[in-house]
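Shared between the two complexes below is subunit A, which pairs with subunit B and subunit C, respectively.
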Partner chain A sequence: MANVTARPAPLSRAGAGRFTRQERLAYTMLAPVLGTILVIVTYPFLLAVLQSLQDSAGREFVGPSNYVNALANPLLYEALGATGTYAALVMPTEILLGLGLALLVHRTVRSSSVRALLFVLATIPLVLPPIAVGVIARLIYAPGYGVLNYLLIGAGIVRDEINWLGQPATAMPAVASVDVWQWTPFVYLVLFSGLLTVPREEIEAAQVDGASGWQQFWHIELNYLRPLLLLIVFFRLADVLRVFDHVFVLTGGGPGNTTQLLSLYLYRIEFKYFDSGQAAALAVLVLVGVSIAYSLVTRALPVERR
Partner chain B sequence: MRPRRSWRAVLAIPVFAVIAILYAFPLYWLLVTSLKSKAELYQTTLTLFPEAPTFQPYVSVLVERGLWVLLRNSVVVCGLSVLVALVLGLLITYPITRLEVSPRVRVGILNWALSLRFLPPIAVVVPYFGVVRTLGLYDQPQALVLIYSLLNLPFTIWMLKGFLSEIPREIEEAAFTDGAGRWTAFRLVLLPLAWPGLFAAAVIVFTFTWSEFLFALILTSTPNAQTFPVGVQGLVTQFEVIWNDMAAAGTIALALPLVLMVLARRYVVAGLTFGVVREK
Partner chain C sequence: MRRAQWAPALVVAALLISACQPSTTGGGGAQKPAKLTIAAVQGNEDAALKAVAPLYEQKTGIKIEIVEFPYDQLFEKLVTTFKANSPTYDLVMMDDPWMPKFGTDESLQPLDSTYGIKRDSDIPDVVYDVGTWPPPRGPVPPKAKGKAAHLIGVTIVGNVEMFMYRSDMGPAPKTWDEVKANADKNKKANFWGYVVRGKATNPIVADFLPILWSFGGDVFDSNWNVTIDNAASLKAVKFLVQDLKAAAPPGSESIDAADRSRLMAIGQAYQSTVWPGEITEIVENSTVSQVKGKVSYIPMPAGPSGKGIGMMGNWLLGVPKASSNGQAAADFITWLTSSDTQKTYVDKGGIPARKSILNDASLNQKNPYFAALAKSLEAVPNWRPRTDQWNAVETILGTNLNAALAGLATPEDAVKKAADQIRTLMKGAGY
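And then the complex of A and B:
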């Protein structure tokens, strides 16, 4: 075979060499781009591994002590707990509300122009910068100017101002509510599009058999929504790990550490405590953890990889 | 049948009304606050409608506080990131959709791009911070352009792959038999057909980049490279918050994505879900 590949390209017919002309062109296009990206993506990771094994000045090797410190820090577990609480507040709420809305619209709104309008409106929150959404939330929850207290007092529901962002019991729900506001429409959009794929005959057959709306959902529609629900859970879980912006401007992780999610915690270790060794160790741990989790779930992701 | 549908409709109307208020009011409150004068802010009671609407807060934010520089940085950084992401995206998706490559390469690239979607940026930003500083790119817009193009590459690859694979190969092959080379066929046949998809991808990448805050916060420190979200954050976390200025900055940050969204609305959800959800 070696002598065949060595022959000049123009004469070799497709399939005669190791690669066809098309393949050769494809790989000459792909190789430099992917090679560069690979370097840009992996080089910092290797540096992070190196950094995690050195002291914070980057002078001496300290072995695994950064990892020991990172894992022994009780703040890490508080941050993981806060992230868990956030996910536990946000995900079921968004999925149930989004699902309920999708079903409600699918069953009550028949006009296709109204459906199209709702589609457009629901995409709006998804493209708003989280930092700007944080500003809005600030205008609603903040003491002094926050309009929520004003409305609640005006309606006679509460008598004194509530410091929504300043006390542990309300700070986390307030921060989570912003996420629910911005991302429930995503769940709605995905599930509504899923409902559109349910064959009408199946629904009609069930209705002829006298199935209730609930049975119709549980036995027919849910089967079509299941892969999408899975997709939503994966994407939203990945997003919970990225949440930073709106929490940063609303509470900055406080009061105390109640809303200090993992991302804010890592930020604090590196850029407030300047413990770059520990921060690098944490980054490596998070990257490895996410990679493992990802490789476990990736096969279940219902995306079309063709 | 009839009664069932009607109770649902009766339930639906108040539900929609509540949702409409929950979404419209916060946006309204942002806009209204941004139009209030300072004097009105310090009144003892809140006003739900501005008494004397003024654009003063916008002037204050953009001119007096100088945030127009950050706005300009944002536009430049986002524009360049879009360009780089699209070129890289095409260099990757053209071969895997229009040329005969082994399916393993194709699936491998798509899977790899998808996996990048799940990386938490905070874990990436720590190592990048070190690299950017050693390269002397700290507080330089180039660093942001580089990172934003990479961050958006997964979306770009998946969106372009979707658009390109919908264009039948026969159209290009017809150009080949007419004697066109690959580059000519790409430029004169494929590119015009893929244009709406490229445009949608560009709009979405621009919007996402426009919103990005974490990397900009960490990798910049002066108006030389700071982007607009960093400026907005500065107004929120300062010691005494000036509500109308903060709201004006927030409104500016919201406005551009809103406008762009109208142009690419059909593709936003497809982009966010890696093509799982397509508008019917």
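And then the complex of A and C:
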């Protein structure tokens, strides 16, 4: 009897090509996704890198001079400072408010119809165009006829109008408040969904052991929310770097350059100064910066549950 | 078999290619197209255009498709479309300060030499001049020197910045000194003597330039030397950020045109500069205004120079270089600006530039700013400096003026900083 060695079944080959049928099928299935990524992500990025090394007309190679010019412009650091201040105001506020709301609703609201209503209400700010939100916010903060001053004066809290958008001390918080209003519901929705995944048995066991509400949150729920918090931080960080519309509508970057965030600065370099090379260099630098920030966030907030 | 496998893909490709072809009934660029696509600014500036466009379709069978964008997005869209030499739009609406950029970049087709559009004596020369590149008067940018001048845009919104005041409360100011005196006299609780449109960048610059010119100052001299920090210019800056601000509502630093008109409309302000669009949309709109009929409109008051100088803010239609329907697009411009169409256009809220319409007594009753607009055009208003760097200059100047208005910088420091930055910019651009 011949000794037959067990071998894997030969992969069928339709032709003399290098790939098996299964491999070809796999590549064919992947091709649309890879092609899409190539077209909408990789290709524009490579173009941006190329543009960052050319003059603004895109005719001559200028080496790293666009990067040097971009980094030498003091307005960049003002814009970075403004963006940092904005992020420091909006991100902790949104996360704490969103988390607080999610915990409150999760622990106190049992009715599924009320929860559904809250879900719908929380979705509204998210679907509004940022430019429309800016226009509405303008009606709140506008000098002369702004609703907020009207209410504050009417309630006797202040005697004179507060110049919300015209002075540095209040312009940035006013602009940031719009972001907080629009994006806190996002944090709430994500974290509330996260709380729904916490097994009831774990909470009940903790309650039997006499754990307080805070201990339940800190030792059980937070572990389930951790990856979602990472997601929120990353999304909000990316959004903060793109904030444009409502700042443009409310202050136009003023007073002076106080609220000129990075996106507004970048827009002006491209569409006011027509310096495409420097704008592309800035875009590449921002991407590098975001990648570093992302890796720091990932390290600071490990995804694994303890 | 292999051919059969590729057949559906070929059919799809063929369909896609045919869908990307320009839609003409005859197929050629000179033939009658099925439609013309216009990129327009969203707001009161294109309202009348939208209203009369169907009439053109009725008359010619050519559909007019209007794609609207907010002000800044329109500019971005045009810059990127022209850069890509894309034939997406057959006609584009442009604010007149954009013309130097598009003229320098040669993004538009000449309407005079290519399509035979001629000047009409019923329309002031300055209206055609603002759509001509290189500019027929004033300094010419280095890149445009020696080039033949062509009409590359025709005005369809005859905006000129003017002045408004509460004529039920006092006489018309003839000078900026009288403006200041009236502002101080009429300022009281919840009522402001003057509204400064002081939001950073474009708004504050648009508000400031007529004052600057009336004070004998300017951003550049006739050789592109920066003069925003000379004595006359500094005096104008101080007048705006100190004298006028003293009578203005708090928050001038963030006030834009819509806020200004609202403050007038709700009876909380005595006077300010104004664009025609604000008049029709807010101040004289009885559904939102409490002061309809109580406000009068005049050309800009005179400054120490003895002259009051208004500012052009025309919106023009031009034909992009990439459009394959140039002749049909030019025909539409001719139809839209014709005397007959302009009567309907005005009836739908359009802002004309034709003298016969602006001086028509019956139309003046319905449009109380027409006489002032006619006078402003007759006096030949200034245009913003015709340089392709204007957007950057405006951003620099507008940021520094806003800082001075907010008290973050002294007028002296603000003009010095602005002048230094503008000099660096212009030098880098070859001026």
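Keep in mind that, in the parts below, the second predicted complex is superposed on the first by the 223 of 306 C-alpha atoms of A that agree within 3 Å, B and C clash if a C-alpha of one lies under 4 Å from a C-alpha of the other, contacts with A are read in each partner's own complex, and residues count from 1 in each chain.
FYI, contacts are C-beta pairs under 8 Å (C-beta built on N, C-alpha and C of every residue); 3 or more make two chains touch, one makes a residue touch a chain.
What you see is a predicted model; the values in this text were computed from it and never measured.
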Practice item. Mind working out whether A:A142 is in touch with subunit B, subunit C, both or neither, as first, second, both or neither? Key: both
Exercise for review: Return first, second, both or neither, reflecting whether A:G81 touches subunit B, subunit C, both chains, or no partner chain.
Suggested key: neither
Review point. Does subunit B (first) or subunit C (second) touch A:P173, or do both, or does neither?
Key: neither
Check your understanding: Is A:A280 contacted by the first partner subunit B, the second partner subunit C, both or neither?
Key -> first
Exercise for review: With the two complexes superposed on chain A, say which partner A:G256 touches: subunit B (first), subunit C (second), both, or neither.
Suggested key: second
Check your understanding: If you count the residues of subunit A that each partner touches, which comes out higher, subunit B or subunit C?
Key -> B
Review point. Which holds for A:R268: it touches subunit B only (first), subunit C only (second), both, or neither?
Key: second
Point to revise | Partner chain in contact with A:F248 - subunit B first, subunit C second, else both or neither | key: both
Exercise for review: Would you sort A:W164 into first (subunit B), second (subunit C), both or neither based on which partner it touches?
Suggested key: second
Point to revise | Set intersection of subunit A contacts, subunit C complex versus subunit B complex | key: 131, 138, 142, 145, 248, 252, 271
Point to revise | Of all residues in subunit B, those that touch subunit A in their complex | key: 1, 4-5, 8-9, 11-12, 15, 19, 22-23, 26-27, 29-30, 33, 41, 46, 48, 88, 91-92, 94-96, 99-103, 105-107, 109-111, 114-124, 126-131, 146, 150, 153, 182, 207, 210-211, 213-214, 218, 229, 232-233, 236-237, 241, 243, 246-247, 249-251, 253-254, 257-258, 260-262, 265, 268-269, 272-280
Check your understanding: For the complex, which residues does subunit C have touching subunit A?
Key -> 70, 72, 75-76, 79, 101, 192, 198-203, 249-256, 259, 262-263, 266, 268-269, 388, 391-392, 394-395, 399-400, 402-403, 405-406, 408-409, 425
Exercise for review: Write out the stretch or stretches of subunit A touching subunit C in their complex.
Suggested key: 131, 138, 141-145, 160-161, 163-168, 171, 248, 250-258, 260, 268, 271-274
Practice item. Quick one: which bits of subunit A touch subunit B in the complex? Just the residue numbers, please. Key: 20, 22-23, 25-27, 29-30, 33-34, 37, 40-41, 43-45, 47-48, 51, 101, 104-105, 107-109, 119-121, 123-132, 134-140, 142, 145, 147, 150, 181, 186, 189-190, 193-194, 196, 207, 213, 228, 231, 234-235, 238, 241-242, 244-245, 248-249, 252, 262-263, 266-267, 270-271, 276, 279-280, 282-283, 286-287, 290-291, 294, 298, 301-306
